[in-house]
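Structure in structure tokens, see below.
Chain nomenclature is as follows: A, B, C and D, assigned in order of appearance, with residue numbering initiated at 1 for each chain independently.
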């Protein structure tokens, strides 16, 4: 029997001593205000036992982690035809994403890079009457937690400075892979990314991905095949240009965000979330990566 | 309890009826002679029960599948410093590999694309006194089968026509990432790729990757961490530009070769190999991919 | 003494018989309405003798040809420091321009590709109090013709559909190489490109580039060095991905536009403009290219 | 009347005082031995008056300048069908050439980048019975100077270290754009590049390019159209990734080599060669570029 609590406690202790904590993302002004000293970790197992250490209840901006949730909702709404508009291959691109978009005629490489997630946002805007409200309700429902909310200041901050996302959306539009107005799609997208959650809430939300599509209350949102596919995409594409490195060092499917959050899980075993706002040069939480590597090395648990 | 034999029988039956069997790789003249009608499948579980259907005992050229074996031997010999000369990220490159090599100053993206495997070959040539003999002995030892051999005609055939590999090796040399002579390294590399095995032999050889580094006779060749890493690389990089698609559809780590072989496995459960020489447009065995997708869909077994 | 009139007449006759006239640019809806049968040519020499054939007085949208004029005005206003924000190398890019922009950190390759021209537009918007009015006055002044005007319908049409330009402008903004609002800069840019001129008016406008910076009335707008530089850029970058081909076949500096216009000149000798709305696959006027090749081959006049 | 001699004297004086003289190409060991202090300049006009300053009679390795000569010989031998195997567009590639070769299926962008020149070498190897002897005779004939010779030590030095050229040749071979053995073609190519000339000999050799194809003895080697084309290629592609900059600053067609030589000319006026072995970061002679810029600025002579 693995003593998760003592491992988490030890991870938190190591993290508190770490001097090189990475660099906070400053391109979204609202995120630049966060204190670099934060660190939290929370784990839930299949029996719904929970373990935690550090600031595991403090909320932060989940940013790109939300892309897994919008993808799940869109897949539930329109099914497999979603894959006509976005591919499932790792991007493998060390410097940018727009050039690949041009090379491949407007079909984003996968739904977890920004252009792919913008296409998913476009699908939700087309499918939903009140996209922002209905997406939030979907997330609250999965997590069984109606305190989850958007951080409107973060959304506004990104709207003012997200020129690269405006570029991507316009490029998609020029290829005919965006059906709604650029401004409408990006307003939804910036809200989606601004979702604010704690580590504990993240594990509650992602519980269903380690549990064959069933969330904590046992209701089902995705089929086993859909979960397999989304998990495969997380493993191969969930960590920007460091997806290979994460699979290699940690060996779990998961997703990171520039807010410093990471969520990862071992199917049928546990789901874990970490938060530390300092990022490594590839844009993933520096201490979060170290924490998860330590967790899988010490427990010898991974999908491999 | 899963009835593997009936599933394999049914997969073989479906394969025999398939009309569109893909296209045989014709850039290696020796491979172009193989009969497109071939199909074989073999599975071994952790109790070493075996199941098979079709031409599962016919030998074929394992080609790129050998890259996992050379990587394993090199990792055993020089350990983690191997990663200074080759990265672990998916290549994500739809059209070529040499341009990435240039962009990244001679460090191949991963050890399973050709330039990466050529660097691994260079390491073995440096480390071993009799590289070809010792590598073959290593493979025979893992598989516990000393009938495994090189197909020298295939090696010669590739030597005469493998201009792209000569280009890659010279480019690596120009970046200082090849210590031995191009001709010497490629002679080893072409022999390594010419290894000839049946589906049954392939599962015997790859048994250790699903079994934490222990082969069938229970002797250990790799640590748990090394196996985790090699398996992660197979999952993210094992299927050329279709790695994401394979993870998405099949959900198992594995490796394919242009000879039409595929080997894949579920850690702690089973290892399976298929052979059908017709390839899909991305260079992976067409019927092999379908067979493995059917296997994981029907059994609902995958790493996710 | 060269008989320009008979050469132009013969070129026009050949053009009228041509069956494969290329394809009209349909991505700007207003341009798609033009009749493919149009062909005009007009030539002015240093003594201001003029020669013409076909529809040489019919106005058309000069589109990218205007980029030479905005560059000239900007160079006059801020001088050599303009080159800190845009380079002078051919783009050499067969498939797109945005990827190069990313590779080179937001510095467009030259001022005649769209991202480069958008940076120039940004400079004019910063420098001028009433950018659209003052730029139009500058052009009228060079040409000594105050009937030259914007085609507001074309400008509006492009504003509604120019998503790729919106993408480029936002990408420039993300790199800090656009000081004004994207919408303001592109409103100016779309007007600039919508300038409407006949072949005759085009040669009057570009007279100064073959005449060391002096326009027809002998007033000077650019120094000899500035003219040398702008002419060099026209030669190496004036014909999209066909700049090498144009230098090779025609051997004159010049500039083309998707409206089907081309203007070219031999310093100290003549300036010539052609118009035929059908484009070749590289986006240059098909009959215009043929006409100019015929002109330089028959006269044996080129810069080489 | 321009006083060329006093301009050349003043250029030489300025060069002798220059402290930052660039960096000698060290990737060819033989070239690394040259003294950085060297500077020479030589000019010949259409009346065959000559002017010179500095070490204008010292021989150096002309390297890539030879590509114009092999192109001229090949064009004379097989005519326009040469362009089926090599394009005429600037490469515009800031980091490499091999990736473009892959993107464009083995057709080099132009005959002055290495892969293009290797294709030209392949043509000469196919067309000539004794390629090295006959090419040398062709050059001696153009220059009317049978003292011109290969520097065999330089050729050998490059053969030992030219891995990037071996990579390019093998890649061309893999695309079917190389008919002879890689080793045979590169042996010719390395000799061609090792041609040794002084500034004076270079201007004698390139005299015909400023004189409509007629060399100093008035015999004709190329038609006016062929000269126009080769000159156009020199202007758009003659200076690696700095072709635009050279046209912009100097405004003459020409060609540079990593040995530190540059030859350039104004059709019907003069031909000039400079030599200074220190290169700027783009691989062109630093003092040579400055000298030619000064020459065209002071004389106000350029093709524009």
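Criterion: contacts are C-beta pairs under 8 Å (C-beta built on N, C-alpha and C of every residue); 3 or more make two chains touch, one makes a residue touch a chain.
Everything numeric in this text was worked out from a predicted model, so none of it was measured.
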Chains shared as neighbours by chain A and chain D?
-> B, C
Measuring centre to centre, with centres taken as mean CA positions, what chain is farthest from chain C?
-> B
Per the C-alpha means, the centres of chain B and chain D lie apart by a whole-Å value of 47
What whole-Å value do you get for the distance between chain C and chain D if each is reduced to the mean of its CA atoms?
-> 32
With chain centres defined as C-alpha means, what is the inter-centre distance between chain B and chain C in Å?
-> 55
Listing for chain A: what residues touch at least two other chains?
-> 95, 103
Who touches whom among the chains?
-> A-B, A-C, B-D, C-D
Which bits of chain B are touching chain D when the two form their complex?
-> 95-96, 98-99, 102-103, 163-164, 166-168, 170-171, 173-174, 182
Would you pull the chain A residues touching chain B in the complex into a rising list?
-> 87-95, 100, 103-104, 109-110, 224-225, 227-229, 231-233, 235-237, 241-245, 247-249, 251, 253, 267, 296-297, 300, 302-304
